[in-house]
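Below you'll find a set of structures to go through.
Presented sequentially are two complexes of chain A, the first with chain B as partner and the second with chain C.
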Partner chain A sequence: MSSESKPIFSVKKLVKDFPTAGGPNSIRALNDVSFELFSGEAMAVVGESGSGKSTIARVLSLLHDKSAGDLNFKETEISGFSGEEIKRYRQQVQMIFQDPYGSLNPVHTIYHHLARPLLIHKKVKSKKELPDKIHALLEEVGLTPAVETAKKFPFELSGGQRQRVCIAKTLAIGADVVLADEPTSALDVSIRLGVLNLMQKMKREHNVAFMYITHDLATARYFAERTAVMYVGHMVEWGETEDIIQDPQHPYTQLLISAVPSPLKRHQKEEKSLHVKNKDIPTWTASSVGCPFVGRCIHAMDKCSQSMPEITKISEKHFVRCFLHDGSGQ
Partner chain B sequence: MSEQSVKQSQPLMDIRGLSVEYLVGDRRLRAVDNVSFTINKGETVGLAGESGCGKSTLAFALTKLQKPPALIVEGEVIFDGKDVLAFDEEELRRFRWKETSVVFQSAMNCLNPVISINQQICDVLRVHNPAMNRGELQDRARELLRIVGIHPDRLNQYPHQFSGGMRQRAVLAISLALKPQLIIMDEPTTALDVVVEREIMDQLSELKEQFGFSILLISHDLSLMGEITDRIAVMYAGKLVEIAPTEDVLFRPQHPYTKGLVNSFPDLLGEKKELTGIAGNPMNLFNPPAGCYFEERCPESTEQCKKSDPTLITLNSQHKAKCHLLS
Partner chain C sequence: MKSIFAFYRGNTPALMGSIIVFTFILLSALAPWIAPYDAEKRVARGHQPPSAEHILGTTRSGKDVLSQVLYAGRISLTVGFASGLIATVIAVLLGVTSAYVGGRVDAFLMFLTNVFLVLPGLPLIVVLAAFLGEVGPLSIALILGLFGWPGGARVMRAQALSIREKEFVTAAEVIGESKWRIVVVEILPNMVSLIVGTFTGAALGAVMGQAALEFIGLGDPNVISWGTMLFWAQNNSALIVGAWWDAIVPGVAIAVFAMGLALLNMGMDQISNPQLKGSKNLKQWKKLNDELQANRKKKQESRKIAGEVVEG
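Let's turn to the complex of A and B:
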């Protein structure tokens, strides 16, 4: 279905450099990243801290400027946007952050938080419509009784409830794309699933496209149709989530998946999980060459430290960047 | 199973009716309420529950580390036949670290940033073994780093030169320094990446096999517990609601809260299914209800649950749960 429809986001060869103080080389946080997002579908971006997954969301939301590459939203390049265009873009592309404590203003009520986007983006004809609209939004995200919740201040809500307010904000202005940066990591276990299920509902009922940034592969499997694996600023493997998890091709994806704890692994203890040469994660700069995983990879070959492998198609929807799979290896 | 019954017969720490309260203004908040369970020799027990259920407060109380406004109001913690809670300062000093060590959640912050790792390990050794000379201290410190998988050449470095995982390993080395019989670990890997978490957990299992200590692993992560614990105790709002061998808790939970908790974790393996989690929010301990504390959020609650708080019911020799539905 999605392969026939047009992507809402199309990113090609995205590069993002951060200048470093004093050094001649800037840190390359994203290198040659390409992907597409489709309406009503979630793409999970997984990887360790420092893999560049949050940087993608920040570049897409225009919080950082890109260094190179194409960023097309509904077939329009977004990096040249200014003023009114940015405002219109932000109405369609919203972010949800990890820390729901930091993303709400402590001195304003929940009502105020939802009224602002509705007024700024002119989603109501007059202020008289506000209360009904806001109460309906709160009910939709499961914050009942809505009238009471609207009067509360952020400190009166739990972490999960605050995250629901943040989700209500994106619903309020009818965002087409939500960039969710670890939206459930700071939440308690029993609450986490409720938020994931709410996002699931938004995806299905409002046809919202999600970029779900997480380090938790198990929730990625639960929520996202597609998954991309990041390592040191490079997208090393991507495809349908089930393919990535059941049949990982890149040595890094295999490492990541073998590390995830699961009660079902209880009886597989003999099979020692981690196959890795050393533990150091490299710093990538604009002049670095080769595959970033080469220092840890047990399959590393000479050419791995000379150039980054091109994209290899494993199946219709499953891609990997590794010399082991490009046909030239072994 | 036979192995388990051997462990059964040798209790190491027996927690009996432990209650801890916080004094808030003129009110009292009962954070741990009449909790009893046993940790056997060589056993790994998991303590699970959501934030604020009292699991860390319990960990503090087990080594009498709690400070006002927290107060142990009743109970006993029997370790090797003696009640830890009755120890005086000197007895406690000998008990802590030598018999039981504690690894806290943010191990990164447990290390002093202006003192080398070497000195931090030697401090612990020296205080408890005043007879050790400089050379012996050094040798032991190098050995400890090697045990936890850090190259001994890094002994004289400072915490900021270590990565998060290495700092956690260094703390683990310090906790092993005096060969304790029990290590209490409070969310030891929550702040770490999944690959690093796996490395540390594998290391821990190896060390446990080598030295035979017991572990009390406190975590909210049931998937992690599922892999390494022998038994799991589940707490809700300060009360122990279920305790059983790990497989029973994960695959045959009896208490509705445990069922909800198990049903909150998407799994990487196995069949993919719709999960429901637990409705509602954690309760306010200032206004405890007359009945079962979980009644408000429980999908299976009855009239009786509103009226009285159930007792911990023994389902079989290893499995206990606190729920009216099971009586």
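Let's turn to the complex of A and C:
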């Protein structure tokens, strides 16, 4: 297994605070987040809106500065990068955005969108090579006939086709790590699979490491070997995707999985198996303490609101942060 | 070609404005060839009314008004477009830099813009022009250009701020585009209609401003422009002695050209705000509303009849 090899990206105890206007307390979007990415493997990050999923991708792609923690890419801390180092880093770590309608500039052709990364990172020796290289890329992502597609403007393509152009961009750069921020959420269900399969191909053939941010557990299960569950900026449970879905340990993961519509349980009632106390999602600040899920958790104990539980190992590759499982509970 | 056609379709103001503006440009450019007389020479007796020989009459000093108005267009249009260009370039540079760089640079540039914005325009220009003495067309273009940008800069900043937040700008940052390339290649092309609109607005202001300055006698009276034509007409009491053509012709030229630019500006607004283009939908809406009213009336009548039946 690749998990015995060295991780390409290693994140330890990452914290990200956003200052709030006027208030003394800043919003803590990420708190104590640690994970590793491996080449040729995908890690899904799941959680509801506002759980900090996208913030991770934005910190990792240097769009936001971290507040604390270690970000090691190929065993080098990335937050001190400047100038040429940033350029070299961008050549290896790329991002795919959620909204394919917004991530391509409406005034430029597809040719321009693919030519720029090739020119910036000097992937072609001369401009003469550009057309051939671009057409090859378009064919690789299944946008044929490539010559015609290159001449088109983004508005002439469908959402799925645009997302393929974005994937072609990351291929053009030859990234080792791709941070995919909900790449299929804005797409029709019928074309999601095509985009997922394309990313699957990149993962296998180009040995790319993926961070797959989603709120769709079904696609996470299809695409990602490992999964991390986020709640209000905290990683509450992580491990092999199958373990997480078949044997969820944290009450929040159980809630998340029970919310997936299942053809076997028709007319299922919302959150039937878990009576949630209230549905309010807390705002986490730098001075908040305890487990963020305590307000909604039916198993909540006194100590849950006093401190965040430590990491408990359920099995070899399955971890959870909950007092129910650390042996001290019940 | 297709997009030009699409632009004018259903956009009457833009079409009319373009026709007017291009006619003026053409007439001024061709002045040396189409003007019947030398504009600076005495070619007839003073204050001759319009006739076959002098279609628009002559001035008090016996110069042909038609020839003068054509030659004057060259100066007035050049000053208008030049100072419009200066104002637009400054507005784009300051507005977009301010929006993209943000932080302290933004605060400083917007402070500067606000200071210029509250300066009373024409009075300041009058004082400046008076201070510099009789100012030639070049100085007028510079003065008007250097004071005509603040409104445009604010609009540019607002537009650039909203484009800056679009994901394609973030995507360009992530692939490692340099900052100036993001501004010039990714953001600016999305602002073309706004930039053209600002330009027509600034040029319009400059043409009017120049005419105003020259009319009150702050310009160089030896230059032939629409403003100085008005100045001389006023000086020679053209209206009082009944030589209306001497004053009306340059006045109409300014008014029509300004209207052309204003119409073009309106047409540009339609591009950035398609709601203004809704004449066709409005008709449909009216039709629908009429039907609704008719139906309601019918219902009321039938109810009335029913009521009478019940009472009866």
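Rule of thumb we're sticking to: the second predicted complex is superposed on the first by the 323 of 330 C-alpha atoms of A that agree within 3 Å, B and C clash if a C-alpha of one lies under 4 Å from a C-alpha of the other, contacts with A are read in each partner's own complex, and residues count from 1 in each chain.
Following the convention adopted for this analysis, a contact is a pair of C-beta atoms (placed from the backbone, for glycine too) under 8 Å apart; a residue touches a chain by one contact, two chains touch by 3 or more.
Here the structure is a predicted model, which is why all the values come from computation and not from measurement.
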{"item": "Combined model on chain A where chain B meets chain C, clash or fit", "value": "fit"}
{"item": "Touching partner for A:P248 - first (chain B), second (chain C), both, neither", "value": "neither"}
{"item": "After the two structures are overlaid on chain A, angle v-u-w for chain B, chain A, chain C in degrees (C-alpha centres, nearest 10)", "value": "70"}
{"item": "First (chain B), second (chain C), both or neither touched by A:G194", "value": "first"}
{"item": "Between chain B and chain C, more extensive residue contact with chain A", "value": "B"}
{"item": "Which of chain B and chain C A:E48 touches, first, second, both or neither", "value": "first"}
{"item": "First (chain B), second (chain C), both or neither touched by A:V107", "value": "second"}
{"item": "Touched partner set for A:P309, first chain B, second chain C, both or neither", "value": "neither"}
{"item": "Chain B versus chain C as contact partner of A:Q161, first or second or both or neither", "value": "first"}
{"item": "Chain B versus chain C as contact partner of A:L264, first or second or both or neither", "value": "first"}
{"item": "Lowest C-alpha to C-alpha distance for chain C against chain B (Å)", "value": "7"}
{"item": "Chain C contact footprint on chain A (complex, rising order)", "value": "61, 63, 86-87, 90-91, 94-95, 97-99, 102-108, 116-117, 120-121, 166, 169, 173"}
{"item": "Chain B to chain A touching residues, read off their complex", "value": "50-51, 165, 193-199, 201-202, 220-224, 226-227, 246-247, 250-251, 260-261, 263-270, 272, 275-279, 281-282"}
{"item": "Chain A residues within the chain B interface of the complex", "value": "48-49, 158, 160-161, 188-194, 197, 215-219, 221-222, 242, 245, 255-266, 272-274, 276, 279"}
{"item": "Residue ranges of chain C in contact with chain A within the complex", "value": "166-168, 170-177, 185-186, 189-190"}
